[in-house]
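Letters are used for the chains, namely A, B, C and D, taken in the order the chains are written, and counting of residues starts over at 1 for each.
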Amino acid sequence: MFYEKLNKLKEKIIEQGNLVESMIEKSIRGLINKDKALLLEVIQVDEPRTNEVEIEIDEMCISLIARFQPEARDLRTIITILKMNNDLERIADMAENISESALFLIERPLLKPLIDLPKMAEETIRMLKDSIDSFIKNDPKLAKDVCERDDIIDAYRDQILRELITYMISDPTSIERAIHLERISRNLERIADLATNIGEDVVYIVEGKVIKHGRYKDTEAGDA
Amino acid sequence: MANQSTKKLELSKDSLFNLLLVVSAVLLVMLGVGFFLSLFQASLISLKEFGLSFFVKAEWDPVQERFGALPFIYGTLLTSFIALAISLPFSIAISIVLGEYFQKGFFAEVLRYLTELIAGVPSVVLGFWGLFFLVPIIRELEMKFDLPPYGVGIFTASLILAFMILPYSASIGKDAMRLVPNELKEAAYALGTTRWEMIKKIMLPYARSGIIAGIILSLGRALGETMAVTMVIGNYHGIPENIFSPGNTIASVIANEFTEATGEVYLSSLMYLGLTLFIVTTVVNIIGRFVLKKLQSQR
Amino acid sequence: MSDIVLRTENLTASYDEHIAVKNVNLSIVRNKITAIMGPSGCGKTTLIRCFNRMHELSPKARVEGKVFLIENSNEVIDIYSVDPMLVRRKIGMVFQKPNPFPTMSIYENVIAGYILNGIRLKKSDADEIVEETLKKVSLWDEVKDQLRKKGAFLSGGQQQRLCIARALAMKPDVILLDEPTSALDPVATMKIEELLEQLKNTVTIVIVTHNVGQAGRVSDYVAFMYLGELVEYGPTDVIFTRPSHEKTEEFLSGKIG
Amino acid sequence: MTKYELRIIKSKVISVILTFITIVSTFPFLLVLYFIMKNGISVINWEFLTSLPKPVGEPGGGILNAIIGTAILVTIALILSVPFGILAGIYLAERSETKIAFISRLVSEILQGVPSIVIGIIAYLWVVKPIGYFSALSGGVALGIIMLPLVIKSTEEILKLIPHELKEASLALGVPYYKTILKVMIPAGLSGILTGVLTGIARIAGETAPLLFTAFGNPFLSFNILKPISALPLLIFTYAISPYENWWAKAWGASCILVFFVLSLNIITRLISTRR
């Protein structure tokens, strides 16, 4: 009974993950292809949907805990799903932010050809995908890998920021567009952070170890 | 529809069954009441004739139709109490041995069987055995002590009675001893008492009411025991001079004379004896059971 | 709309002077598991014993109000207006302590309801009922080679499943379980709980339990009783996460009980 | 020796003495058994078991009349007491709180303590007097009354020992009350009831006193329950107090058979009740 319900919960959170993932992908694609309809879909259809699913997952988790009083790994799983649920919902919000900025940008001429941003988005989406995969497959190695890749995203973000600053200095009329581009990259960076969180949570589920806030290094040392 | 009617049938069977149960219980009560009333009615002639003086007169004369039960009452009480006195040390010893020393195991089982199977030997057989085994021995004894060598008599009857009631008092006493809580025993040992001191100071006082109940209930048995006593008591109608003289008990008089009793007063006097025996044993038994119940409700 | 199988109307039950169940209105949903929970002495057991008229067997017992058994949408039985024997065959019961009939074999125990009621079964029918029912309670594989042995040889959990089988063999609409696992060890308890989940497709289950965890694990609906009154009744998910009554809240968080 | 050691020795000595007394108290029983075997076994043979008594002085003859008489008396007693006793026992167990139960339980306990000779008087008053002569029936009635409390008590006690749940389980299957009692409770308590019945048989088979003026005895073979009938204990009594050596021998043989029968019944009863 319990495991049936837990599996249903897992399916639900994976469904949410996939939905959120597609939202990021859609918003970036909408930006590149100047596809207004796609961007509006993210804002008007997908985002409200994720809110609903979030509440649903919340209730499932609470009911499972209340009725079955799970322990050990089952408890960690449910608590982590609860947190992932929260993270995913926020990611969905960020995807909405990206879509909003994208809606602004596609109406205007390009500041510069989009080179780094699609790459960054691609990398971020992959991180999110991998973190959810690591949850599905219970793969702490993959999860740790996701956490390490956070640095790449940070580098992209710094790179994009530097570039945008030079544009803004040389041409004040570009500032508004630059800020929206920066907003997109900042949201992507935050999404990557949340993906890292999910990765950390997966490690917690499987191994019961906390690797957040630098404790990751200790565990590595301990393992070696 | 068919189903419904079988239902009705079963319902009525149920009430029939309930009725049957109540009827059997009521019948049992009526049996008890009828028992008393029949005995009372049958002894009425003698009761009217002699009243309570029946119990204090020592005369038993069928020819003159004058009847007094004193010798038999005396004989009954004498045999019963001597029997109790003889059996008491044995029954207490058995209670202690089976209730404390040997509670389990082969030896305990064999002893228990042996002491309890005595109760299974029909009393007529015991009387027969007494007549052919005990009586000669007593006769020898009496000759040694310069007593009239009857062989039969109060003492012989008491011996057999003592033996017959032993299983009853011993088994109740044993149960009472086993009911002593282990914690009490251990507490006594923990204070450094020896086993015997523990038995004497803890178990016997604790089991006292059980042992008393056993004695009272076995008294009830002894008072009414008939065959074995009848065969060895000597059937003498006077008041026995000493405990080796022949005598009679209420039960033995009834057994001996009932079929020969001619005349209404004679028969009715025997019934009166029966009524007396019934009342006395019933009172004794009720007291014994009351003590036993109090003992059981203590826990 | 949910499909109701058993409904009470102002049900009040008492022993002598003591009122054990006060004015209960409850509707049990078909093919679901309803748990009745509450602190001991709250009247849970009395309540379900009113459902199949076992309550009236207790000395000085009284029942007021009505209980309806809705066999299908157009056949409603007022159980206090028909023969109790009939009611008990339609509403089975399983007790706290496993109680297989000691004089009967496992086989006979399963069809005890037929044997004792004097309902003749063809050998092949009896075999079929025994096998089918024992399979339903997942006991068949464990006992199929010793059907002629006495039920007392089984473990406690197996005995209880045998008792469930005995109730099921009568093909009741509802079975009432009065703390069926309180005498069992955790593993046997888990097996019974899993079993209930499977059984609910064929029969409606009402289970009395003082164990909050068990109510949470097995039930679809929960009724919470306190001092003889039905305090709260609803889907388990709702009652367990946001009960609307303070007493329920306190009971679930272990403050009363 | 210290005082403590003395106390321990005293305790040990007393335990030995008490055990000795206990063993001694079984001697009479063993003596009785020995005496009966010694005097009785040699008398028992096929003729003894299958032929009727012959007049004094004539060799041979047996006790067939007494064996059959006892069988008939016991059968009458069983027919009278077992169904009645079981029903009353059920009532006492099932309605143990009612006033009727209280009184009938008391009556049953009183009956159990009534001396058998008094029960004989009752059977005489109730059966012999109305009919006008001694009969097997009156003996059976007396023995039945003796046995009744044993059946009642064992039925009541065993039914009370049977878990309440068993009855409820049956009722919950929609089984009527009477069927529940007769088909579930009674079979479950059968060994207990049987114990009571067997104890009762063992007890009445050896009863003599109430038969003296009911069954009376009969030197001939009789199957008529309205006529006097012989019984083993009656025969033992008559022969034992007779002056003929030949009869004593027969009494020993009869004692041997009776004791063997009664004791084996006791042992069987014990085995049944401990197996439970």
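Convention: a contact is a pair of C-beta atoms (placed from the backbone, for glycine too) under 8 Å apart; a residue touches a chain by one contact, two chains touch by 3 or more.
Everything numeric here is computed off the predicted structure, so don't read it as measured data.
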Hey, which chain is the most central one here, using CA centres? C
Greatest separation from chain C - chain, by CA centre: B
Comparison of A-C and C-D (more C-beta pairs in contact): C-D
Rounded to the nearest whole Å, what is the centre-to-centre distance of chain A and chain D, using the mean of the C-alpha atoms as each centre? 92
Chain A-chain C separation of Cα centroids, rounded to whole Å: 49
Per the centroid of Cα atoms for each chain, what is the distance between chain B and chain D, given in Å? 16
Among chain B residues, those touching two or more other chains are 10-11
Interface hub residues of chain D, defined as touching at least two other chains: 176, 179
Please output the residues of chain C touching chain D within their complex, sorted ascending. 52, 54, 57, 59, 84-90, 92-93, 95-97, 99, 101-103, 112-113, 115-118, 163, 166-167, 170
Touch list for chain C against partner chain A, complex: 193-194, 197, 213, 216-218, 236-237, 240-241, 252
Show me the residue ranges of chain B that touch chain D in the complex, using the header's touch definition. 10-11, 13-14, 16-18, 20-22, 24-29, 31-33, 35, 38-39, 42, 89-90, 93-94, 96-98, 101-102, 111, 113-115, 117-118, 120-129, 131-133, 163, 166, 194-197, 217, 220, 223-227, 231, 251, 254-255, 258-259, 270-271, 274, 277-278, 281-282, 284-286, 289
Where on chain A is chain C touching in the complex? 1-2, 59, 62-63, 66-69
Residues on chain D engaged by chain B in the complex (per definition of touch): 7-8, 10-11, 14-15, 18-19, 21-26, 28-32, 35-36, 84, 87-88, 90-92, 94-95, 100-101, 103-104, 106-118, 120-122, 124-126, 145, 148, 152, 176-179, 181, 202, 205-209, 212-213, 216, 233, 236-237, 240-241, 248, 251-252, 255, 258-259, 262-263, 265-267, 270
